[in-house]
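Accompanying notes for the structure given below.
In this document, chain identifiers A, B, C, D and E correspond to the written order of the chains, with residue numbering beginning at 1 in each.
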Amino acid sequence: MIAHLPILQVIIPLMAAPICLMLKRAQLVWLFSLIASGLAFAISILLLQQVMTSGVISYELGGWQAPWGIEYRIDKLNAFLLLIVSGISTVVLFAAQTSIEKEIPKNKHVYFYILYLLSLTGMLGIVATGDAFNVFVFLEISSLSAYALIAMGKNRQALWASYQYLIMGTIGATFILIGIGLIYQMTGTLNMYDLSQRLPEVAQTRTVFAAFAFVIVGVCLKLAMFPLHLWLPNAYAYAPSIVTAFFAATATKVAVYLLIRFTFSVFGLSFSFTTVPLQTLFMALGLIGIFAASTSAIYQRNVKHLFAYSSIAQIGYMIVGFSLSTVTGLTATLLHLFNHALMKGAIFLALAAVIYRVGNIELNNLRGLGRQMPLTMAAIVIGGLSLIGVPLTVGFVSKWYLLMALIEQGWWPVAVLILLGSMLAVVYVWRIVEAAYFKAPLDNSSPVKEAPMSFLIPIWTLIIANIYFGIDTRLSVQVAEAAAQSLFGVSL
Amino acid sequence: MDMIITISSGFFLLIGSFLCFSGAIGLLRFPDFYTRMHAVGVTDTLGAGMILVGLMIISTDFLVFAKLAMVLLLTLLIGPTTSHVLAKAAFHNGLTPKSLSNQEKNNKEISSSNT
Amino acid sequence: MLIAATLAIFVAMILAIIRGVIGPTLYDRILAVNMFGTKTVLLISLLGFVMGRPEFLDIAIVYALINFISVIGVLRYSDTNQFKHSPNDNESLKKEP
Amino acid sequence: MLMDLFNHWVVITLMMSGLYIVIAHGNLIKKIVGLSVFQTSVFIFYISMAKVDGGTAPILADDIVQYSNPLPHVLILTAIVVGIATTALGLSLVVRIKEAYGSIEEESIQQQDNQQQDNNAHAKRKQEEEA
Amino acid sequence: MIDIILLTLLVVVAIAIIRMKDLFAVVMLLGIYGLLSASFFVAMDAVDVAFTEAAVGAGISTLLMLVVIAMTGRKEKTNRHKPLPALCIVLITGGLLIYGTFDMPHFGAADAPIHQHVAPRYINDSMAEVGVPNIVTSVLASYRAFDTFGEVVVIFTAGIGVLTLLSVARRKEDAEKISSINDSMHEQHLVIRIVAKMLIPFIFLFALYVQFHGDFGPGGGFQAGVIFAAAIILYAMLFGLNTARKVINQTFIQLIAAVGVLLYGSVGIVSLMNDGNFFNYNVLASDPIAGQHLGILLIEWGVGCTVASVMMIIFFSFAGRLELHQHNERVKNQESS
């Protein structure tokens, strides 16, 4: 069975989804999907171990050789991403049952879990596959379930946000489809590894250039990179809180993975960064993104909106690291992928707990919660410190690597700008601290209790991970560095 | 034999395409819905039938012949039915033929302003 | 002869599209679409013979069926109050200049 | 030269008209129609690259040597399914939006949202003042 | 020649779609667009794709849009129209694509890379390796079976998504009341009911034919599923939703949708159990070709089940919503008068 791990990784949550439809009882379905997600997590750990020791795993679906059939190709980068996605999904799912109780009508609970599992399947499928068209199919599975999940939000704005996401997402996916079509036309193959072998021959053609542009724009739409981010804040703010926690921690990460995969592996380093001026473009967009989004975050009243904008800013950091196209820069991006998943997962879960108790998530509703829900608010604060990049948290580690990478290349001014950007994070995190600890609760608000255990356990698991990986950086840095080096073809 | 097949199929195809063509002209040129429907409904069924018969004559394979016959049956069944339903629905929902509507214009305006 | 018939079908299709665009009433459009559907069935049958592989007539059968079903659907769901013909329909539905 | 690429250009025109509808029009159903046109045009693009001059449909028969490329056909079969799935989901969202907002025009929906936000902000300011 | 005429017609229709303000006309034109593109697919030798596009693009999606328009109104407001920025984006994107075409292989060129690299094996060896004359089916169901599995999951996701968005919990008595006023169609139209009664069995038979004939000609599970669902939809439109619900139980079709996905997946699981890779049908039977045949047959059934039931779920959800709307409107009118 060990040889079949790559496919089981995706197949287990996939097959669990239709079985859930048969089980019918929400509680049972929750337990079942938790088990499925947990199994996927366990498999991803095994896979990572296997990859770290023995190198790339290739799995031929249907027993057909690679360019003719579909291939699952797990290298260090995929395995790392699989671990992040399935891990976060399991932790978040743990709190799901309590959280959706108040946010989603009873008769739709089963559908919620099914869509959640399908969304997980889609993301795992995107990451695991080594076939360009298969990416599109699984991208659509995850997107379609995401649209439906977001539309389940309580307010009517959720519907509108979901519709906007649907339009933008479909345009993005269709762009990717056009791009894949163009490279297919020039090379005759869809397998990513095969593509990377055959693309250099035709790299100078205008068609490949157009294909590159379409794939990158499509992925950046999914990624919510700065000028294309318009769908994200509302989608995150109005979705059910569990969905927000899951997507904020995973969905954009998967898109970043796609960006890295296409630029580094498929089109190749020399094409992406020398033929096309990707470096300056992405660095500029990343920096503008950091500043524009952080500034918007400061002016938000809704805390979910605030952190949604902060997510866009964090994507900016990843893009800056990516645009350096050095091993250290990419390591910083990958580390930040992992770390951002940990902190945003924790923060949004804590916000879900607040919504569960208070019902609303405007800044004013946080007043006095520092005393009433000490553990939850402490989690938000630690997560916020991590967002700023305070030492002893994971945020510090990834910022540190990013600065190192920038200085290594002599980009001093950019390093200063990154630090300035972190100052903006201080401002918006402070607003929350201020509301929670230094303002008296509103007169008409009734006192609330601490969040139930089903929230506190996953929240604090993530927070402890936040601190642990901030102190003991060996594990995460080792994997990220190895993954980055493998993309540059440097052997360990 | 070949000669007869070619000529007869050509004949059927010619008639069929002429009917289709004239039906289309009628669809475009006639003054109101009912006359247009008349033009299309009558020529379409016959024209399609003619073309399909023409094709049946030149088909060599039995399966192809059978499928063409099936298409022919379907057109014969469906074409008139849809025409009938369309006309009925149009009339029920208050679309009057042009000659009538000129006469009854005044009545209709009164009745429609009431609803 | 096959080519001539195909061309005639094409011309009929173009005229049907024009009628579908200019309307003016709902039923004219339905009529145009219906006629377009039957013409497509014929076109598919003819194309099979023109291209020398006539064994794919299954598609023509599907077209005929789908055409029928969609016309029924159009009538069923245009049969609501919003679609009732009103005297000013003729003016308001004309294509905007 | 011109004739060889003509097909591609027409297909690109089709794609762009679909994209134009999606971006420029404010009606939600029209946007979905636009998406549908856009996607269908991409299908046309894929299928036209599969065509080989003198080839026939990729179904094996005895006396035929040249077949068109079957792979894009397979891809597009999948993509068509994805397209209808997106259309169905988008349309059901439109229905729900119509029920919630009473309109399916982008402008009016955004207006209502802004209004609601303003009202909320007002209420909040009042609350703060009271506190 | 034929392709150029069809493409030109497509452009005309697309421009008309942009210009029209009447949504009903737009949807009709979209139906024409679907039919035209399907004809184009036939001209391009893509018979399987044409089959699907006709059933889906011209049939199902047009129908869904009509149901929605009946709920939302058919006029597009003209006030908000921002053509200039949109035009800029479109021109840039289109310009980029046209720039990209200059190095493309020419249309129909047999020496293009796509006809040289992967595809030749499908064309030359699929008969020996899979044993199915229709190459599209063998690629779809065996070489790239996992893509098709993804496709089935996509349609399943859409079904669940539509259910979450549109399903209404209703009591039985209400359902009777609501649908009893909405069955105008089958009271008025005797002729069409008789014709439909004659046609529906034929359509079922044809769907089965398409399901099984997919190995030899255009067709397969997806197309068969859509045709099957179309027959049920025809029945529901003519005899009222409620009657159709009695024939096809709602929980039952949800079950079938899930069973379809599971059937498809379990073929893969069984091949795992037999020491093959996922979806390796060779190990399903002692003879590899027999195994391939068995595997393809089973997964085509899986596809057919899921597609048919999801199409029905989608249609019933939309039509049920429409009924509710009309009922509410009527109640409101009665109250006001």
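Assume contacts are C-beta pairs under 8 Å (C-beta built on N, C-alpha and C of every residue); 3 or more make two chains touch, one makes a residue touch a chain.
Predicted, not measured: the structure shown is a model, and the values here were computed from it.
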Moving step by step between touching chains, how few steps can get you from subunit A to subunit C?
2
Central chain, going by Cα centroids?
D
Label of the chain whose CA centroid is most distant from the centroid of subunit A
B
Pair joined by more contacting C-beta pairs (A-E or A-D)
A-E
For subunit A versus subunit B, what separation do you get between their C-alpha means, in angstrom?
57
Report the inter-centroid distance (CA atoms only) between subunit C and subunit E in whole Å.
20
In whole angstrom, what separates the CA-based centres of subunit C and subunit D?
23
From the C-alpha centre of subunit B to that of subunit E, how far is it in Å?
28
Could you list which residues of subunit E touch at least two other chains?
45, 47, 69, 73, 97, 101-102, 104-105, 112, 114-115, 118-119, 122, 144, 147, 150-151, 154, 157-158, 161, 165, 192, 199, 217-218
Specify, in ascending order, the residues of subunit D that touch 2 or more different other chains.
15, 19, 49, 56-57, 59, 61, 71-72, 75, 78, 82, 85-86, 89, 93-94, 96
Out of subunit A, which residues touch more than one other chain, so two or more?
133, 137, 140, 144, 147-148, 151, 178, 184-185, 190
Go ahead and list every pair of chains that touch.
A-D, A-E, B-C, B-E, C-D, C-E, D-E
Help me check something: in the complex, which residues belonging to subunit E touch subunit A?
96-97, 99-105, 112-119, 121-122, 142-147, 150-151, 153-154, 156-158, 160-161, 163-165, 167, 169, 254-255, 257-259, 261-262, 265, 268-269, 272, 276-282
Give every residue of subunit D touching subunit A within the complex, in rising order.
15, 19, 22, 28, 31, 35, 38-39, 42, 45-46, 49, 71-72, 75, 78-79, 82, 85-86, 89-90, 93-94, 96-97, 100-101, 109, 113, 120-121, 124, 127-128, 130-131
Contact set on subunit D toward subunit E in their complex
4-21, 23-27, 29-30, 32-33, 36-37, 40-41, 43-44, 47-61, 66-78, 80-89, 91-96, 98, 104-107
Can you name the residues of subunit D that touch subunit C in the complex?
56-57, 59, 61
Subunit E residues touching subunit B - in the complex, by the definition given at the top:
188-189, 191-192, 195, 198-199
